[in-house]
């Protein structure tokens, strides 16, 4: 956890409303684990006021990558940055996906829906490096919503794509595609990030198939560091079902601890 | 002879409490302090006010609890918290070792609960003062709280002051017609200091769903948007009461903080800015110091209340 | 068959007054209307409220009269104006020919002056309604005005309503503990509508000189910064009174305006935005229309008060 | 008076904190008279909220030029614009300097102090074109504060420069230099723009020498179009000494009508 005020945008690419940033931020890059996030300052002035949380899309010794969809003012401003522009990041924050050494040889299903693919790339790379077998699911509404197909391919990671409108890959919801695969192969673990509705269905699928699963939750975040109590989600704890800060205890939680709204 | 950098005396004496400098982190925006240890040296602050504490643990409001507005933030956390017992057992021991003023923001659903909190905490060591939060707009319907009337303010402050062995800072609400009247009621009831402002009762709507953006409908507005109103209130109160005033509302920089001091605040609290820059409070201390240096001010207390009104 | 663009019905009926659409330009931000003729078609507005008018011409406050703050503007114009006579002789004849609602913002140093203004204007033609400005914070010391108390609100509204032959809109101040209480006092006294909010009492300091940035020390805060508080007040009042509510405070876009309508306002006023974009009021009308079209809303009045509270 | 939302920055130059913009804005360019100004929108969002008034530094069929000193947030944002960036201007606003055809062959003193030189350039060109003889005074605190020397020279306009610290031209206040010249030559008219203290001294010099004078006043402006009553200055009118809106009746006023604070 550092505040890196000397981060610098190295490269920016986009497909439609989706943007990919490569950022020089060595300290954060070295510490980062899949499923963690950074808080990005998008403007100097008070508009918008707060930082924006973005998952770490990939990380290495030189820095991190981010992948986001323009959702409003903050991401819009971010999308207009130019290579060489300074960035102000806090991270890596939160607890990522559980990836342990003992998982070698096991099989993981990883599911990314829309912009939720962001942390899945880093996770997939990490799982591969640790010798897991992975099935990566990437779903979007239309073809333009799954722009990272090439990137996974170049990294030698095979994808199972779906589009709601059938314009590419499996035609239908990504959850249906996962359901079909689950009927064929039972993985040892399932990881997912995407719209809450998608994750909720995956959670019940995973429960039905008795597959341990982890989900990366989203919420409006005031601080990202556990100070504002803004980012809460209902999570089962030892002490009951409380409003739990997802920036601190999450954003990744085991499926069985999440109480979906 | 070497030229030595003149060091500025930042110490701040509230009478009942001496602070290293006039910058406190505001309640509800600084967790229990410890959350900020990765980002700043807590001992470089004047002190910090921990999150509002009820007697029992509290759930808080359902999310969404936050919404951004133009230069502002509306929150409806609803004072989620761990209660006095867990605070005293799990948190306070860690805070006690810090050489900085730890102030506890005291809450209550009714007067008895406020009294119970203070009674419990009075038995604990390591607390510099209480900040009586009679002004949280997020708990009762439509922002109702004791700080909205001079009568309820007077009664509660009087009772808590009598019940407590520690100095009492009373934190006022800006959602009132006459902030001076409320401040005077708190002063008469014996408060040792007055803190203001808490957040402004506000709301935001999602046009597409036609629903309030906060699950709680109403919330409290903080941040730069409110600074001009907060500064006005601090000035009005500081020129009318004898007890020290702790000013806050939208402070983002040392210059902002100095404006509150010039307007009459003996110290300031910084809130929302901690979310944006977790190290903001120490930056603000440093900016105050530099400004004093650059302006030949030997001690920051010399600045307090020096506003010139034509 | 040609597909015809469905036109949205924007007409707004306040009961006592029918408007082409729900967007009025707010008093003090639109001069006497004519200043805006180079930039927009005045007849495309719902109407406009002219600058606050006292009986006699008024000097206003010495400058500086304006200061920008984070997403806001503080003004201390002090109601400089030409008085009823010059208004009636020089301005009104030009306004009379416009097919749009001209509303006069009525001011007074005391109750008698308010009455005198209305008495004088009652003899003139071409005024659609009076907006009783009982809430200007820039005239008396520290923002004192009738709208700060239900008693003075009731008395003044009652007197002016009885004295006047025209519909009366009472414009309230946000600088109060309970906006609902004041609104109800105005309603009981017989006002035909309630407009809110006027500006928030505020101040700004110049740190270098340690002087207030406004010569008048205090001023009124307007603009996007105040929108969340204004919207909250409009919602609170609209759900508690029967007379129509005209909402305002920080409206910059059609979406902002629609939020006020959803919260219960029958119409809106737009203020500060006129300074930034002199054609903003008609842009906002167009944006409301487009939104209605895109959302299958046939008549804008169907949106009023449709807020869903969980 | 138009709102030109399609104006476009053609060129930006700077010397230190002083910036020169050439802007494509044909309609405003064609209408503009020396001493008039534009209201510039510096940001899309609410920070800063209001437009900023800037004098028209030069104008022609293709557009206008502006010359300003960075004073705060607004001018700072403006200084970071790039050629090709869109600009949103209202203008030309206000009443400019009085320049009539009957002035041919007469002599005018024009005085610009610091950023106050901005409208003087346009005025000097116009006076020259109308066959007046001009003495142009350009004063600043230091050499860096009088960066437009070359520009005047290239336009064939002779300058009398002063710097408070004597680093260039006359050493001392520009008002002293004007005073010395007034002792030698009596012009038919004096025009000035600059700090209020400078203009106040010039007003009394002009009165002493019985030279009709016009001054371009400054004030914080809310709207620039006469709607906010924010920009007032004490001006003598038929009806007495009132607070007068300088955006509408000014910003240029005859010296004898201005009541200096």
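By letter and in written order, the chains are A, B, C and D; residue numbering begins at 1 in each of them.
Basically, a residue touches a chain if its C-beta (ideal position, glycine included) is under 8 Å from a C-beta of that chain, and two chains touch if they have at least 3 such contacts.
Predicted model, so just to flag it, every value in this text is computed and none were measured.
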Touching both chain B and chain C: give me those chains, sorted by label.
A, D
Would you kindly count the fewest steps from chain A to chain D, each step being a jump to a chain that touches the current one?
1
Larger contact count among A-B and B-D belongs to A-B
Using mean C-alpha positions as chain centres, tell me how far chain C is from chain D in Å, no decimals.
36
Starting from the mean Cα coordinates of chain A and chain C, work out the distance between those two points in Å.
47
Among the residues of chain A, which are close enough to touch at least two other chains?
46-47
Junction residues of chain C, two or more chains touched:
70-72, 223-225
Chain contact topology (line, ring, star, complete or other):
complete
In the complex, chain A touches chain B at residues 1-3, 41, 46-51, 90, 219-223, 225-233, 242-243, 248
For chain B, which residues are in contact with chain C within the complex?
69-72, 74, 142, 148-149, 175-178, 200-205, 207, 209-212, 215, 217-218, 221, 223-229, 231-232, 235-236, 250, 255, 258-259, 262-263, 291, 306-310
Per the contact definition, I'd like the list of chain D residues that touch chain A in the complex.
45-47, 73
Touching residues (chain side chain C, partner chain D) in the complex
28-31, 35-36, 38-39, 51, 59-60, 62-68, 70-73, 75, 77, 80, 223-225, 252, 272, 274-279
Under the touch definition given earlier, write down the residues of chain B that touch chain D in their complex.
70-71
